[in-house]
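One chain, chain A, links the two complexes that follow: it is found with chain B in the first and with chain C in the second.
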Partner chain A sequence: MFAMKMRQDSAFARWRGAPWVWPVTGFVVLWSILVVVPLVLLVFYSFLQVRGFKVDWTFNLDTWARVFESGRWQVTTRTLRIAVTVTLIELLIAFPFSLWLAKACKSKIVKAVVLTLLTIPFFLDVSSRTIVWRPIFGTQGPLNSVLVDLGLVDGPIEWLLFSEFAVHFGMIAPYFPTMVFPVFLVLSLIDDEYIEASRDLGASPLQTLSHVTIPLAMPGIMAGIVFTLVPTMAEYAVPQLMGGFTVNLLGRSVESALTALKYPTAAALSTFIIALLAALLAALVLLLHRRGGLAGVFGALSR
Partner chain B sequence: MTARLADSAPDPLVTAGTTFSGRRWWRSLQHAQVWIRISAWLGFLTLGLTYIPIIWLAVMSFSGRPLSGIPKPLTLRWYTEMTDDLRWVEPLETSIVLAVIVGLFCMVIATAVGRAIPRLRRRGSVLLLATLPMFVPGLTMGAALFFFFRSYLTLKLGEWSIFFGHLVWALPFSLLLVLVLASRFDHRLLEAAADLGASAWHRFWHIEFPIMRPAIVGAGLFGFLLSFTELPRTIFLHGRTVSMPLFQWTQASAHHSQVPLTFALASVMFAVTLPIMGGFFWFLFAKLDRS
Partner chain C sequence: MDGPTEHRQSGATRRNVLKGAAATGAALAASSIPGAAKAADNVIRGYGVNTGALKDWGLFANSTGLVMDYTETNTDPGVFIRDVVANEIGEDYDFFVFDGGMEDVLGPQGIFLEVDQSHPELTLWDRTSTDFKYAGITQDDEGRQWGFPMVNNADSFGFWPEDLDIADPLAPTTWEFIFESEKTRGRVAVDKEWAVTMVHAGWWLNTSGQAKIADPTNMAGEDAKLVADYLVGRKKAGQFRTFYGGFDEQVELLGNKEVAAITCWEPAVIEVNLQNNKEVVFYAFAEYHYKWGHVFYIPSQAANRANLADIYKTANYFLGGEYCAYQAIERGYVGPNSDLAIEYAKANDWPAEHIEIIKKSGSKVNRKYAIPPFWGDYVPPNGDVMEEEFQRVLNA
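And then the complex of A and B:
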């Protein structure tokens, strides 16, 4: 065993001089220029001012003061509320579904079909598949006419479209796979023997779920929340198509600030989105820390 | 039955099955069975929310009034109008060219970097840096790149800025795909080849590349597909260039008579892309399962 380790180390030493270190160096430089620098400059930009088309290179907090005065608080809390609600709905549907897919689904064909169906939405154009709901949910659409014809409602339901309901509904389908995939991957890595052992020790299925399965699946659940919360916080197409002008979210505010050439405002709002996300994720990590710590969770998984 | 998990019930006799009620266990299992079925169907229903609109879109593209939500009278009007009004051709060409270039870059960079990362000492920090764009919303990343290119560097935006925006979006996915295979790769194979006198290029081309091929092809395809359908970053970085998703977005969000045309256009796009994607991912997952 030790000899093998030695051998690997010597192999390592041989590879170190090899020409594959420079692609990584190049990549780190490229990514620093394309990702890190623009993000840092974005934060920096929100402290500057634009007069006419010229940037005033003096630091000030005017933009931030205006952002908080101009009633964007309402937009912020609404965005936060909708993003968190959608993420929770996704988790509630995705966790049981992933559990079924990982543990209960025995047919390999069904599994491959479901995974294929889950992967395709990552590459679908959002606007064309969202706009279809508009005629369906409209006051003269088929859904409302069926409801009226059946006598279930007196008149067409107005809140089906251009409402917060419509925005929530429109976001559920696009962000379902982002939640299912991480949770499914982690669940399928859990050894069946843990679950069987828990049952042999007399735990009910519910006890097994809360004491064994969910703690072991925590990294996947966390990843799912991150990958769903990040895009929903800045979702742009769905709120505009499904919410119309009534449901204004942060993503729209950034875009309208940019078209109005209020660059620092757009930068401040973008910075604000990142800060909110960072705070949410930090809170999530802290919450988990109380329940044994992130390291403990990852340790449990690798055991 | 008061038996709980081992930590709260240390008496082995209690947990060893002497007080275990078989009927109760069977009943709880049946309950679980019901719950399993409900969770499966709820998930399928949510998946349906993705695929029903696509079918609906295709049906409505043959309707005389697509926005009415009623599939009659049946007509080919929107398809013939699509061949008359050719404004969608240029965005489509732009998108295809861009997606091919992004796909190629993703393939090359993800392969070069992905095969090196498992051999690094500090792979954690490199991986974190590489996946950083996945934690930044598309709109925010688009705005950040916009300020960087336009305000700080005062460059004129166009295809090149869309390209960089798409690369930042797609490369992390391609890289992760390559990493999955690269971290399982047995380096003793290369060592053996080196001992037998194979050159560095031969070792890569005859041993590493064939084993890594599915991930490399997948990385290119991820790059192509993610670029081909990208919208939020393109909105900020497009300059005067119009990509296909941007064209579809402006058509869909505008409240004018062009909307019915989007139904036909989107149907054609889905008819082309869905079978390719379905075939590829089916192949990928069916093959992964076997190995």
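And then the complex of A and C:
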């Protein structure tokens, strides 16, 4: 017993004396104040109600009941569906592009130019980048005019604009860099000797890709998924400009609730989507568990 | 509405805490900055909708000797209420401009000052028509005066006459083009705001005899559900091309011919015609119109302010000919004393066509107001119900 206590005291003393204790503690405190506390308040607010533009401070489940009875919760699932679809499309396009940029492209100048071109969009507001597509995709726009003039279609294609297709299209370009950068960085870190060793052992290119490259690129893929999925779920400008509010997503629904001062409804919608996201990320972590978990994935990179 | 409630002059609101910290910081800073500039005492500060603003505030300065510092906002009632109630911006601003209806919510709460109609600076008040002075958008249900009228209009929809097969675009037309006509199927845009589109649809159902909605501007329970069901049906039938979000979109959708008809503000039609250098689109005169008015409100915090006389002077300016004349030309709006606008235009040698526009604006609004009108209301008591039902329309 005495020996165990001595060991515990010694461990505590080592922990207290460690150089990282205060920065980590400070970060945790700051994170709690800036992130955790607002989230807790958000959840708390969702259990209140608004009547005639005034908040009723009685704790109740009426707001949640109305969110599900009115079908408003469908906005969150639609938003999640579109965000996941856009993220998967981005991954399918960005991964081969990043692989080429990291491994096949030997010219440093080309790499620098491409990376610069990927950065430029961030200098512009997303609304400015998106609104240019409206006159192009419109029924009176040049794309439809060309298609009609060439006889490929009988009349203008209406779903090019103000549709889910248009919303997906509008989101792909702005979020391409957020998927490319983390994947490219991690692929660049993969030692070429692993790939050569795989070939030397007789693996086909596809086997090398699936058994060596992709597992080692997993941290970057996960980062890309998070950096793309989360902001697309909060996206407001693109659904408005390309979807014309015919595609009703979370951002618009929350804004609409706020115009009627229904803060509890906005809080309930936000809480619901945070819960869905948490479930999604938990599923991702469980999936990685088969590969040794997150620590195992990062550990493989460092060898 | 319930009776007046005491406005919570909060002791420990976010604003007061921040003010205390700022005052401490300012005192420290001021003590180290020699000759810190004193704020001008002829500056009048306003916060309100962008369409209430003059494009050139120099006109106001020349006429009143005051300098206008106007902060623009949109017509989002949630943002406005958040700013004036939660953020207590009445501490910093001398007047607010918003669409009528807001006084029903914020007047009894003590956010707005009940105005003094006998103030000596209100030289134009007596001659202003009671239709404007005592309209439902300046007084609450108990007849208390919470504001002064500024400009009015009666909204309908803009359209391309050739797309609707309309030979005479100035003749009376019908809201059927917005909601049910085959000629406009898939080529109509409506407002994304529930406070506008639900109301338009409610009045259409009444006018067309399809339903009896008690009060389309303030729909409860079954009425709101019925109107939402109707809009869902029309949306699924493909009647609507899109729901637009703001003025720029109105101009773009109408100007690009992406839509044949759009429920919009009259300035959007004016803007499209300006872009084309001729009249190509028109603003409908139909079965009903969404009547609205900007109202000048005074925050309760200004009650004992040193520049209260200047605030009333500003309110009086907005009743006058100069403001009304410029609003008529630039936006097609009508002020409460449109005869003064004509007098002003003539006295300042405006072109004859501008004087004609001012006259036409006045007669246009009078013509629309002659139809049994309804006042729009951006803050109806049943707003939460209407907003909830409208979500089904957007989700359909």
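A few points about this structure:
Throughout what follows, the second predicted complex is superposed on the first by the 259 of 303 C-alpha atoms of A that agree within 3 Å, B and C clash if a C-alpha of one lies under 4 Å from a C-alpha of the other, contacts with A are read in each partner's own complex, and residues count from 1 in each chain.
Keep in mind that, in the parts below, contacts are C-beta pairs under 8 Å (C-beta built on N, C-alpha and C of every residue); 3 or more make two chains touch, one makes a residue touch a chain.
Note that this is a predicted model, so its numbers are computed, not measured.
After overlaying the two complexes on the shared chain, residue contacts for A:Leu258 are found with chain B and with chain C alike.
Once the two complexes are laid over each other on the shared chain, residue contacts for A:Asn248 go to chain C alone; chain B is not touched. Contacts of A:Arg134 after superposition: both chain B and chain C are touched.
Counting residues of chain A touched by each partner, chain B versus chain C, the larger count belongs to B.
Contacts of A:Phe176 after superposition on the shared chain: chain B is touched, whereas chain C is not. Of the two partner chains, neither chain B nor chain C is touched by A:His168. Of the two partner chains, chain B is the only one touched by A:Val36; chain C is not.
Using the contact criterion defined above for the overlaid structures, shared-chain residue A:Ala267 touches chain B, although it does not reach chain C. Looking at the shared chain after the overlay, A:Gln240 reaches both chain B and chain C.
Across the superposed pair, chain B and chain C both touch chain A at residues 134-135, 138, 140-141, 240, 258. The touching residues of chain A, when paired with chain B in their complex, are 8, 11-12, 14-15, 18-21, 23-24, 27-28, 31-32, 34-39, 41-42, 45, 55, 93-94, 96-97, 99-101, 104-105, 108, 111-136, 138, 140-143, 172-174, 176, 180, 198, 201-205, 207, 211, 226-227, 230-231, 233-234, 236-237, 240-241, 251, 254-255, 258, 263, 266-267, 270, 273-274, 277.
By the touch rule above, chain B contacts chain A in their complex via residues 1, 3-6, 9, 14-15, 17, 20, 28-29, 31-32, 35-36, 38-40, 42-43, 46-47, 49-51, 53-54, 56-57, 60, 66-70, 109, 112-113, 115-117, 119-120, 126, 129-130, 132-141, 143-148, 151-152, 164, 167-168, 187-188, 191, 194, 200, 225-226, 228-229, 231-232, 235-236, 244-245, 248-249, 252-253, 259, 262, 265-266, 269-270, 273-274, 277-278, 281-282, 285-286, 289. By the touch criterion stated above, chain C contacts chain A in their complex at residues 1, 76-79, 81-82, 105, 186, 189, 192-195, 235, 240-245, 252, 256-258, 379, 381, 383-384, 386-392, 394-395.
Put simply, chain A touches chain C in their complex at residues 50-53, 66, 70-72, 74-75, 78, 134-135, 138-141, 158, 161-162, 240, 244-246, 248, 252-253, 256-262.
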